[in-house]
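Here is the structure we will look at.
Labels run A, B, C and D following the written order; every chain starts at residue 1.
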Amino acid sequence: MLIVMKSGATKGEVDGVVQVIEKLGFRAHVMPGATRTAVGITGNPGTLDPARFEHLAGVFEAIRVTKPYKLITLDLQPDQTVVRAGEATIGGKELAIIAGPCAVESREQTFAVAEAVRASGARFLRGGAFKPRSSPYDFAGLGEEGLQILAEARDTFGLKIVTEALDEAGVDLVEKYADMIQIGARNMQNFSLLRRAGKSKLPVLLKRGIAATIDEWLLAAEYVMSEGNYQVVLCERGVRTFTQHARNALDLAAIPVIRHISHLPIVVDASHAAGKSHLVAPLARAGVAAGADGVMVEVHNNPDVALCDAAQALTPEEYLTMVHEIRGIHNLLTSPVSA
Amino acid sequence: MLIVMKSGATKGEVDGVVQVIEKLGFRAHVMPGATRTAVGITGNPGTLDPARFEHLAGVFEAIRVTKPYKLITLDLQPDQTVVRAGEATIGGKELAIIAGPCAVESREQTFAVAEAVRASGARFLRGGAFKPRSSPYDFAGLGEEGLQILAEARDTFGLKIVTEALDEAGVDLVEKYADMIQIGARNMQNFSLLRRAGKSKLPVLLKRGIAATIDEWLLAAEYVMSEGNYQVVLCERGVRTFTQHARNALDLAAIPVIRHISHLPIVVDASHAAGKSHLVAPLARAGVAAGADGVMVEVHNNPDVALCDAAQALTPEEYLTMVHEIRGIHNLLTSPVSA
Amino acid sequence: MLIVMKSGATKGEVDGVVQVIEKLGFRAHVMPGATRTAVGITGNPGTLDPARFEHLAGVFEAIRVTKPYKLITLDLQPDQTVVRAGEATIGGKELAIIAGPCAVESREQTFAVAEAVRASGARFLRGGAFKPRSSPYDFAGLGEEGLQILAEARDTFGLKIVTEALDEAGVDLVEKYADMIQIGARNMQNFSLLRRAGKSKLPVLLKRGIAATIDEWLLAAEYVMSEGNYQVVLCERGVRTFTQHARNALDLAAIPVIRHISHLPIVVDASHAAGKSHLVAPLARAGVAAGADGVMVEVHNNPDVALCDAAQALTPEEYLTMVHEIRGIHNLLTSPVSA
Amino acid sequence: MLIVMKSGATKGEVDGVVQVIEKLGFRAHVMPGATRTAVGITGNPGTLDPARFEHLAGVFEAIRVTKPYKLITLDLQPDQTVVRAGEATIGGKELAIIAGPCAVESREQTFAVAEAVRASGARFLRGGAFKPRSSPYDFAGLGEEGLQILAEARDTFGLKIVTEALDEAGVDLVEKYADMIQIGARNMQNFSLLRRAGKSKLPVLLKRGIAATIDEWLLAAEYVMSEGNYQVVLCERGVRTFTQHARNALDLAAIPVIRHISHLPIVVDASHAAGKSHLVAPLARAGVAAGADGVMVEVHNNPDVALCDAAQALTPEEYLTMVHEIRGIHNLLTSPVSA
């Protein structure tokens, strides 16, 4: 924490701030400047609320310095985490591709899509059995029946299953049928759910909340890890801004920024950021070019009749073209000549 | 839904769109214009995804028209809802004041604050027993012990208790001790929690998510109501924008906008929007001036040692001054002369 | 500037940072902490770019401390500025009301509105002769003819004229006919225009840019003042956020925040924030309740045929009701009993 | 325009709306639905303000349909525009690279950077002679002397010069020395400047405003084109959001969205979006992967002593690596096999 005094702050006011800091058991470092004095605080075990100091006499503002996370940091673990579901990995050398329908609608639909996913060489099949929907009147998924269909597809096509849990009971079910627990954007700060996922043996794919800062997102990962589950994949899926031309604004600077702080792998959900199918491939390519460890994308064998997010689903053909492109970009950036 | 064709769309393309609409069982209305043709859709039972039509040949864009909510609307109930906790009301003639500490820290602290709240004539005591915290390392509340302290304060001071539940198990406990269930901003789209609150006999205070649109917020209320609980209070608490000088940006236009759509009462949480105590009273006054049915505010008998959100807590003295001001504004706007 | 080192930074890396700081001619203050070391910088004459230090070995991040403005600060002038146009003031005891049509359309229209404005007791007539329009095909104002009509209205009704200049040549014309130069939101960082206004003898009403931070806005005022013109009024008119239900989001926390930093008066433009007439009065009331020195508002004698921003114009009747309400709130908050 | 009536709107209210529409000279199309009636408007020559209809009796909301731009559209010109400065092109087959220092500081600095730019095979040298700075106390560029240095560099290195004009007088000077006029983000809606650039014989590089919608940006281009200058390059440079980890959020969905609407070429300014040098290459790669026609980037021979935006400047070495990567991605996406 750094306390910045007003330019006309008196020595008494500076001393007052120092006393408050020392009373809290911390150490104060007074730095007199040309126009104003600053006071650094060290020795605080966790983060301090900057605003706590701002009403003290003579204080202009207080600025937070210490970051509140620990387990996610490169300080703690300098090597990048590789998340594993059997032989399939996220964060290793291979570009991870997680593809499938928005919602599991039927065995036929899921198998048709899974076939295309398998054909592309992807290792992960996504599909929602429990769908969070803004309106209570929209299709909310097939529930456990959907999970059973996904488990069958796994056995048939050899793909690992990534699917969302909406609550603690949902995690129990996902653990029974799937290979990776997805926590959705709306639940990024559902701390009961995060703690429950942190007690699971399955890896967790943690989507960024629609207006989450990098710090809040990393702290959500910290919740999962603080319960003992270190297999966490971050998923950037776009944030909400004033723009309306796409569903969300994919925040690709987040990728190199997080690389600077954390060892956790990051994938990009191009479909939810896009909201429209003709934007998906450009955003998926951009995500890989920015350095993502993988791409998550929605595919539907017949988008015109999809029960959920029809407009953003790729057809199998569009999907295969996109996979070809993103693999090309990934190879280009990771080949020894380029590096 | 309104489909806008490209300016050079052919008759065949327009016919194609009409066929798709009719195949879905809806009615198409072709409107030829000077430069382009539009096609209206009626007869759809719920909302349609605009993007679903945007990839059809000749289509420029599709615009959603029908709103997805029902129970919250003035169409359904033209008179404003009055939410009741015993004799205390929100949405009636009296300005509702919900005040108390951010977190219940101890019996002494809670009683000291409750005394100030009672002295102000407010009818609701707020206080968190379960605190959602961005970091897993921060104080997360006293849990059931906190609820017991609140229940004691209710008996001692005659105040109604408003307190947050973070999950379904938390609703069970809140029902046991309190008078109104608060759903926090981070959980506004925790649909399992909303459905559980919808089955409660207690009224629900539903905070707006940090980046929720008005429609998403009203649909969250619709989730609660669709389970049978019609006693819902909306609570505007600020949204996240590019600005950093306050914790959140209190969106006061939301008040008259919602009055135009819904019969549900709205209160303003001035403390979370402010983040700093010297901004709280101005924002509380602004909220009442904009037409809010009440104000929620954090008070602490000793903000300097508060365990949670210290910087935004009012002292009892600041709180009493604020109550005097907001009552004055409310009286001014509701007195017959002014109206 | 505060440099925060990585947790594992070596002594050599800290020394390296200190050397860079001293080489730049500043003073370095090393503060060792429990987990990481911070280095404060003092002695820098102006602001430093934080990012400049972030690529040095062992540095985690750099945080700016010094604020770049001078003339606008309470440090420089502790008493609030009162801006004067003859006897009319903004920032004094009286609530300033600046009302009139969006655009001057004709002598008849302007006089009809001016009559209502005069009847309300307001002292300022607004009206655009040069209108910045997003599209080149929209009505852009009557130009100098519009200014002449405004000047006539001034003579007839005894009101002071506030009108926008879009470029340096426009300032010449506004100086010839009007009493206060308005700089619009789109031009808040048109530095050539700001410098020209800074050389004028007329006061300047400076609207906040649609996505301007408080610091950028204050620095724009600093541009005007640095040329010698100290008569500046800040005008909050709403910022752009993800919300779409109002034209812009009126940022009322800006009022107490700026009071904390600057001596310049602040008014609220309720019409442009609202975008719809039924939102104008609630937002104007909220602005005054939050502590604004005045309100700017659009009035039209016949909104249905207005050439510009028809939907947000108040009728004269709606306007008079609003004036009654905001004066009531202002009196309440400034009367000795309340204070 | 589409008028959506309230669900309980009477036939009289619908008729009233129709009468207003017909009185304005347009045609009304009544579409009765299951729960509510909509009324389409056709025959309006330009755009209508939706809010204009929203206060009519029985109206729930009004939705704009017609887009206000013409010259920028694919409707008008289906083939993509190729902007030319001599043999150098933007929007053609070659990936355009515009590189150079933020500000021209000296002949030595400019020449050192120009040499690296030339070595990379790029055809455009950027560099600011007139710098828009948030603070009046920051370095504002060398002015005409800077332009002379740029013109010398052009002659020496055979590069085309892209440089910013801040006002109409600045355009006169830029025309004298340079090859392309840059309009900065802060001036995107400085309509006097846009009109002046529209009368120039030089091409215009138009940066997106920091909070501009796609429509506003395209309309700014329309201003330039409506004066006769059709050689316009759009430059996406990031928008302002709640995020703070990068200077701005590069909005890459804008690229495919604009491709859907307009024939104008689009480049990406990776440096201003990033704000920090380690984010520049990832964002430049992402921009090309998303389909940009070119990249604009800041390079400095000695970033540590740069007078402007030091932290985001690439060194010549970093720059050359980036060029290698983005050319690789561009070739991959435009090679016949990939397509």
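Operating definition for what follows: a contact is a pair of C-beta atoms (placed from the backbone, for glycine too) under 8 Å apart; a residue touches a chain by one contact, two chains touch by 3 or more.
Keep in mind that this is a model prediction, so the values were computed, not measured.
Visitor: Could you run down the chains that neighbour chain C and chain D together?
Guide: Where chain C and chain D share a partner, that partner set is A, B.
Visitor: Quick one: point me to the chain whose Cα centre is farthest from that of chain C.
Guide: Following the centroid criterion, the farthest chain would be A.
Visitor: Over half of the residue-numbered contact pairs in common: that is the test. Which of B-D, A-C or A-B passes it against C-D?
Guide: A-B
Visitor: Averaged over CA atoms, how far is the centre of chain A from the centre of chain C? Could you give it in whole Å?
Guide: From the centre of chain A to the centre of chain C is 37 Å.
Visitor: Distance from the CA centroid of chain A to that of chain B, rounded to the nearest Å?
Guide: Distance between chain centres: 26 Å.
Visitor: Among the residues of chain C, pick out those that touch two or more other chains and give their numbers.
Guide: Touching at least two other chains: 211, 240-242, 244, 278.
Visitor: So in the complex, which bits of chain C are touching chain B?
Guide: 211, 213-214, 239, 241-246, 249-257, 260, 273-274, 278-279, 282-283, 285-291, 324-325, 328-329, 332-333, 338
Visitor: Hey, which residues of chain C end up touching chain A in the complex?
Guide: Spelled out, the residues of chain C in touch with chain A are 2, 4, 6-8, 29, 31-36, 38, 40, 42-45, 63, 65-66, 73, 75, 211, 240-242, 244.
Visitor: Any idea which chain B residues touch chain A in the complex?
Guide: Residues in contact with chain A: 20, 46-47, 49-52, 54-55, 68-70, 132-138, 166-170, 186-187, 189-193, 210-211, 215-216, 219, 222-223, 226, 240, 275-278, 304, 309-312.
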